[in-house]
Amino acid sequence: MINKTVSGVQEACQGVKDSMTFMLGGFGLSGIPENSIAELVRLNVMDVTCISNNAGVDDFGLGQLLQKRQIKKMISSYVGENAEFERQMLSGELDVELIPQGTLAQRCQAAQSGIPAFYTPAGYGTEVAEGKESREFHGKMHILEKAFEADFAFVKAWKGDAAGNLVFKGSARNFNPNMCGAAKITVAEVEELLPVGVLDPNQIHIPGIFVQRIFQGKNYEKRIEQLTVRKRS
Amino acid sequence: MINKTVSGVQEACQGVKDSMTFMLGGFGLSGIPENSIAELVRLNVMDVTCISNNAGVDDFGLGQLLQKRQIKKMISSYVGENAEFERQMLSGELDVELIPQGTLAQRCQAAQSGIPAFYTPAGYGTEVAEGKESREFHGKMHILEKAFEADFAFVKAWKGDAAGNLVFKGSARNFNPNMCGAAKITVAEVEELLPVGVLDPNQIHIPGIFVQRIFQGKNYEKRIEQLTVRKRS
Amino acid sequence: MALTKEQIAQRIAKEVKDGYYVNLGIGIPTLVANFVREDIDVDFQSENGVLGMGPFPFEGEEDPDLINAGKQTITTLPGASFFDSAMSFSMIRGKHVDLTILGAMEVSQNGDIANWKIPGKMVKGMGGAMDLVASAENIIVAMMHTNRAGESKLLKKCSLPLTGVNCVKKIVSNLAVIELVDNSFKLLERAPGVSVDEIREATEGNLIIEGEIPEMKL
Amino acid sequence: MALTKEQIAQRIAKEVKDGYYVNLGIGIPTLVANFVREDIDVDFQSENGVLGMGPFPFEGEEDPDLINAGKQTITTLPGASFFDSAMSFSMIRGKHVDLTILGAMEVSQNGDIANWKIPGKMVKGMGGAMDLVASAENIIVAMMHTNRAGESKLLKKCSLPLTGVNCVKKIVSNLAVIELVDNSFKLLERAPGVSVDEIREATEGNLIIEGEIPEMKL
């Protein structure tokens, strides 16, 4: 068993540099790599490109990097919850590439899988298709999309072990598994780092081969964006 | 919850006809849909095309359909364990398309995922690439492969529930999950059909949306092809 | 009288059939779940990785690891499953989801839809909408017939950046139920008390009116 | 003396480094696992969906749901995982596997390999070999230097249908360790007691011999 454990977030982020491209898991604030994001803020890496479905909220998640103007370019599908983001984008300070959510997931998956390009119907006939090849299959138009290239992927899992095996919980799974192994180095932070052999081999979502560094995360805030509840009747 | 349960293999195979294309899960004899194969033999459907990594052995698995000359064409990656297969192929009675194993898996996955085509490096410069488009990405040649089209997918899981959710065991998983939802109708046979709600939603390998019919399989033989053991010292 | 948002959702709920997997967009579409008949089996898919969504949690039982595509806390029903984003869009692009219900800023008479961007002003992103409209065989749009200035949102041609082309099959607005056929909006039903003339007035695109147009039943 | 199959495996095992994920082909490559140093961490991947393969099971403990790519019953080690075939080839095509060891019928001096078909005679199929050789950055071939008729299998150009082009980096045969460089076979080591002349004799393709060629250490 190849040991992927590092001492903590500082060792996990070694090699992170200005102008790199990062992938970050999470949907909204659910399943985001909170520890890694905090470390990227602390390291003050500048001019980075972030591939992430959303951009956090003003003061949490990727919003923290936006506040410090660390991000040069965002590749996302939906950024509606972040006023600072919208301001930087509309003023031209921030370069933004908005792409369909399924295309974002599949471009991560393709990078993980050694598939350099694939066809999808999403976005045909829209701005998203501009400058891209299109082609008909079964009477329907599709566009050619390419695998992402990134330096680091930062993901957050529920449980993990020293071999780098990961298990996710609920809808906090989202893009995290698709980003594992999709960048040169994959850093996984976990809520619970278990001894090797505890996780059922049938029930591992991401085998350790896709993960280079794993550490036990700390102080998860797990902020809720839209608290919706019903009254007990 | 949408109920996918059918009474048994006969109801599960309703609509199966001559000249159809079937996908069948399994690697060697591990994880093959034994009940469905037996029913296809009994129904005596002829001139079928089978997409399956292997072709069984002479008297088990797809070998049973080969013996009865029910198969017109096989699409597989490895057929080395079946003498009758090799005879029919070399004599020209059987049409055979051999393709790389990863390409086979990905063409299933693409069909499941609504991806009509993708690029892979596998097979470039070989017979497999003949008649296919090729293209360079990152200085390396790739060929364009297309999603499969099939009428039925027959898969075998370890556990399942009435919603069609599936869990697989060990290396019996193999192609089974990739074929779910990759054909017009997916038939799943399971060793254990559980009440809905018993399976942990975090631990479902294939959500029921990819499965149209599910039934409790019977009398699994689970034949071992290469029994290899070590002595206790 | 024009329908309320709840009534639009209520009318759309009648389009949801037994055995359907349904994806609901943010806004009015989310409300549809509240009105689906209880005697049919329907599963709700959320593109962030949930199949078998249930109602909102009771107070104090919310889980930050369990949200829908609108980032709202939710629950799941027995038979539910969680999965990653790539698999979620396998369900969507692979046409395993039977019905997609989503909002729109504009729809054109050929079925184009615009709902993700107002250049220079509002740029929230398309989220999963482009994948949904490009893939779904059955798309119903929930929308207001006109904007706040009273201008039609059912147009000959969309003015905003498109989300998808030639894809909308049906519209339920606050004024009418409309089917998209023959490069036209075909009027099927009127909101209770709303006249055909009012609908014609509010529709910029080509409107087909054949015979008596019944009032919706809610 | 020429190496036995076990000795070829033993020599190849020295190429396996700490922290490597390794895919072993059927035949001689499978034997490599028996000779890997015990003080390094290595994980074996099997393309049918297993990472962390262990030794064969004890008699009576075999499980038909747990086999390797050669269809042999196996066990797993702590930290192992199971996955589907698509994910397995994500590992392979995605270059997550560090070393691929496989057999060959022929290798040409430019690194082409043929190992899946003899037209009109033997057609077993390529299995995962085409994916492996097209993707792996580090491929070692385990093979006999000559066929039963004594003819070289290290050729100027392969005569059999190819499995992959320009991909083999190293060969360990029963006679020699060879590196593929400059469109040639470069002799690195001789099997104990085998002369350079014997190797030259058995190699049809261009053979580079520079300086003294040491004997292998096993």
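Each chain carries a letter (A, B, C and D) given by its place in the written order, and its residues are counted from 1.
Just so it is clear, contacts are C-beta pairs under 8 Å (C-beta built on N, C-alpha and C of every residue); 3 or more make two chains touch, one makes a residue touch a chain.
A quick note: this is a predicted structure, and the numbers were derived from the prediction, not measured.
The greater number of contacting C-beta pairs, out of the two interfaces B-D and B-C, is seen for B-D. For chain A, the chain with the farthest CA centroid is D. Here the CA centre of chain A is 28 Å from the CA centre of chain C. Once the centre of each chain is set as its mean CA position, chain A and chain D turn out to be 36 Å apart. Under the contact definition stated at the top, the residues of chain B that touch 2 or more other chains are 106, 109, 113-115, 120-121, 168-170, 201-202.
Counting only residues that touch two or more partner chains, chain C has 82-83, 86, 89, 92-93, 135.
Applying the touch criterion to all chain pairs gives A-B, A-C, A-D, B-C, B-D. Within the complex, the chain C residues that touch chain A are 46-50, 55-74, 82-86, 88-89, 92-93, 112, 116-117, 120-121, 123-131, 134-135, 161-166. The residues of chain A lying in touch with chain B in their complex are 106, 110, 113-121, 137-138, 142, 146, 167-170, 201-203.
Listed in rising order, the residues of chain A touching chain C in the complex are 27-31, 53, 76-81, 86, 89-90, 96, 98-106, 108-109, 120-128, 158, 168-178, 205, 222-232.
Considering their complex, residues 1-3, 109, 111-115, 161-163, 165, 181, 196-197, 201-202, 204, 207-210 of chain B touch chain C. Taken together, the chain C residues at the contact with chain B in this complex read 19-21, 41-43, 45, 51-52, 76-83, 86-87, 89-97, 135.
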